[in-house]
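Here come two complexes built around subunit A, the first alongside subunit B, the second alongside subunit C.
Up next, the complex of A and B:
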């Protein structure tokens, strides 16, 4: 709980750290649209190669990107399984009857217990999980003794495999792009970039400067408020509060007793913040100067050209 | 006048920060890891709307939506089945920007800090509009997941099966905590409102 990460920025000195945030945001948008225009595996693998090329240029390790995937890993597995099980187009690749009977269910329970025990070792979690999934598959397929109380015919079609690989590779590419953006750009720079890009909206009455200012202030305040929340929780735990157990009614009482002081603290903080801003002569609506002014350089031109080439390539493929 | 504007900016910033933290905390304690979760994160936006009017409320909601998109949302695009730029646009607009902005309309009701009825109605209106938006994006973008649950009617899947339970629970939680704050008069220690 102490290691909650807001945003994913990691300090570093690669190619992408020197790139202007505006270029990065626009490039990522265009590259994502380009990826979404691709229609089959071959085209996607070229895009995957391009994504890996981008990682190599930026000297961003693939492991860091893979860590970003961890959050959606379960959903990835679900998509994969659903695509395989439900898609019924193309040639039949394999057909097998899965038996649910006393022995196979017992074997699955054993395999599950075995898997949980091995997990305690703490290493190769992903491989163990894969081994467990395949183990269940083989048990269901080959343990056919006794009477089945349920049997299920699993047919895997060519199109199912193709679609599941397609969907997953596309997710991988998209996440690579967005991770490169968020890894190499400070949230404040990101906000500054968004502010600059939204500036034309001023004509329809949208105040992009206030907008960016509030976003960067919030980003600054999230860790502070989170610390306060932890302090309150620790204080209440030391008086015997338990946030994870108890009946629903008790839990609600706990939540209320946590949130009331948090709202009061937020009011006090906002008052202090307003005082601090006023004493530094902040005037709403006036133009402000910045310590770091965004400037385009040659590398922005290179990456812009690269993006445009990718985008044009995707359009050409789509049209042909 | 200037003083009040600064105060509004500072308050929106801290309360949006509070909303994000509440969402994170709810995520830590809740069983779901993806998708909508049960959290009281809408409440700070409602309070901004009640204290400073619906325009500032919408502004705060907009910023909350954008921040969520920046901090947690970027992975969501990978989940769109058969994504087109139109669908991506729909997700950005109808899952993040518009629903959270609409929360600010809670401020349309008069004098919420003295009339409990306005307070409850405001929270109900904001939550209901957010629910409508999420449901719409469910129908347009996420409909293919209905088959995974064995549900044929996409409208039923989006509006009842997926979006109703957590939205109803979040609404209940907001109302409950809101009324607890209401009874304790948390906002009543001398801070002026600018409605």
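Up next, the complex of A and C:
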């Protein structure tokens, strides 16, 4: 349950844990803009090297960042296929006709079944997926017997490969930055940092303190509400409800019978919570002192300078 | 001079049911009041009207001679601290420290002072080792202790505890009661809602609610002599009083009353 409240945060002691959240948020923003200003693979490689350097000095394990990448895996594959299929600039690297016929479709089905079975082993999921994708490509390309019911010609251009690598590396770098931020910053510090950075918006009527309080209250109550759900499910199960089986219709009924009491309880809770806050003299929008304060230190200055240098470097490259 | 006066207050949650019926109470500064009553007798409702969270349909409430209404509520709340029944739904902070600080933050107490007070009151309720813990890792009783510390730290003149010690272990509870006694001696007004008659015996006066009405509001030592009041309101009697109501001899009766009060 706790993994939900702390999000991606992993307790630790490295360099980034000591940085002020404000520094981290601003730096990530600037570094991301800088990365988007880069125009070719060479420049990006330098940025990638810088990102890895950042991971190393932060003593943040690359494996953990890689795990964070899993979430956008589909996005990466999609980008790759999209770029290769649609980019028609530069030299032609390969040209091939892809055949859809009885044999190739059968072979793909077999390959699919084979891939799902191998997946059960639980290891090398990523490599297996790549093997499956390439397998499909080779089957479509070389299994040309019989009559095709559909075929098209796929031409891969130099620019297509280059751009897909470029876009993917760019995404990788950006994900690295944001993962470093979320791995090393508690959600509460993150909200506090955002709150401080948004404070100037008070002039246009946006109260960042109340906003941050709402976010942290939500974070606070997520595990409580999950506990509640488990209790309700246990109560219903003890009266004979079965959550594991049944048709879609039964499942839907069960979900509704879980959601209704949860909503009612959540409403009652929020009302009592509002009472408790009010009785402890909370007035929305009124100024209050804070127990948690953020302080910049020397390492924030170093990091800020580093970020500025990177940003300036990117601007210089862009202009030249 | 009454610090709280409730004048003919009636309140209902909906048309069908009256939560409070024509309640009249005067409480003097520095008094210790216990509120007793069966489930649903209106104890929590009364507590909420006293801090202006519920607005009575008729009657008026004066806190320190000031009429309690929407405008005065914010100022008057600074004088009253209330610990609610359910510790889970009053935990505002992400950690124990944040939660104890919440009320003080709203009172704009400087940070240094807050840190000192947090240490002091966390120590008082035995939660000092838990300051960085999150509520999901605390037991019900521990959350109750945090809620109490958060209210004590706000230094109100009136403290209302709505069954706020129900989950505490006997050791922590008697520690806390001792501390509340010293606060009471320093002049704080204490209102304790409880189902525990032994705890109620500490009070100067007992207010017994029945179906939203004041059934009795008398000095504790007078009420002890009327066990029928307790029985009529379905309240538990201390064993010694049960015995006292059975024996004939006036002398033994007085001994038993004395025993109950000094315990």
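The definition used in the following text is that the second predicted complex is superposed on the first by the 271 of 320 C-alpha atoms of A that agree within 3 Å, B and C clash if a C-alpha of one lies under 4 Å from a C-alpha of the other, contacts with A are read in each partner's own complex, and residues count from 1 in each chain.
Rule of thumb we're sticking to: contacts are C-beta pairs under 8 Å (C-beta built on N, C-alpha and C of every residue); 3 or more make two chains touch, one makes a residue touch a chain.
Source: prediction; values computed, not measured.
A.B. asks: Based on the superposed arrangement, let me know which partner A:229 touches: subunit B (first), subunit C (second), both, or neither?
C.D. replies: A:229 sits against subunit B, while subunit C stays out of touch.
A.B. asks: Touching A:188, do we find subunit B (first), subunit C (second), both, or neither?
C.D. replies: The second partner, subunit C, only.
A.B. asks: On the A-aligned overlay, A:277 touches which partner chain: subunit B = first, subunit C = second, or both, or neither?
C.D. replies: Both: A:277 reaches subunit B and subunit C.
A.B. asks: A:169 contacts which: subunit B (first), subunit C (second), both, neither?
C.D. replies: It touches nothing on subunit B or subunit C.
A.B. asks: Name the chain, either subunit B or subunit C, that contacts more residues of subunit A.
C.D. replies: Of subunit B and subunit C, the partner in contact with more residues of subunit A is B.
A.B. asks: With both complexes overlaid on chain A, does A:32 touch subunit B (first), subunit C (second), both or neither?
C.D. replies: Once the two structures are laid over each other on A, A:32 reaches subunit B alone.
A.B. asks: First (subunit B), second (subunit C), both or neither: which does A:260 touch?
C.D. replies: So A:260 only meets subunit B here.
A.B. asks: Where does A:219 make contact in the superposed view: on subunit B (first), on subunit C (second), on both, or on neither?
C.D. replies: both
A.B. asks: Touch test for A:19: subunit B only (first), subunit C only (second), both, or neither?
C.D. replies: Neither subunit B nor subunit C is touched by A:19.
A.B. asks: By the touch definition at the top of the document, which applies to A:269: first (subunit B), second (subunit C), both, or neither?
C.D. replies: In the superposition, A:269 contacts both subunit B and subunit C.
A.B. asks: Using the superposition on A, tell me which residues of subunit A are in contact with subunit B and, in the other complex, with subunit C.
C.D. replies: Touching subunit B and subunit C on subunit A: residues 1, 217, 219-220, 224, 269, 273, 277-278, 282-283.
A.B. asks: In the complex of these two chains, what residues of subunit A are touching subunit C?
C.D. replies: 1-2, 5, 188, 216-217, 219-220, 223-224, 227, 268-269, 272-273, 275-283, 286-293
A.B. asks: Which part of subunit A faces subunit B closely enough to touch in the complex?
C.D. replies: It is residues 1, 4, 6-7, 32-33, 36, 68, 71-72, 74-75, 78-79, 82, 86, 167, 170-171, 174-175, 178, 181-182, 187, 190, 194, 210-211, 213-215, 217-222, 224-226, 229, 243-244, 252, 255-256, 259-260, 262-264, 266-267, 269-271, 273-274, 277-278, 282-285 of subunit A that touch subunit B.
A.B. asks: Using the touch rule from the top, collect the residues of subunit C that touch subunit A in their complex.
C.D. replies: My answer: residues 48, 51, 53, 74, 77-78, 80-82, 84, 86, 88-95, 97-98, 101-111, 114-115, 118, 134-137, 150-151, 154.
A.B. asks: Considering the complex alone, what residue numbers of subunit B touch subunit A?
C.D. replies: 2-3, 5-7, 9-18, 20-22, 24-25, 28-29, 33-34, 40, 43-44, 47, 59, 62-63, 66-67, 70-71, 74-75, 77-79, 81, 83-85, 88, 147-148, 173, 176-177, 180-181, 184, 186-187, 189, 191
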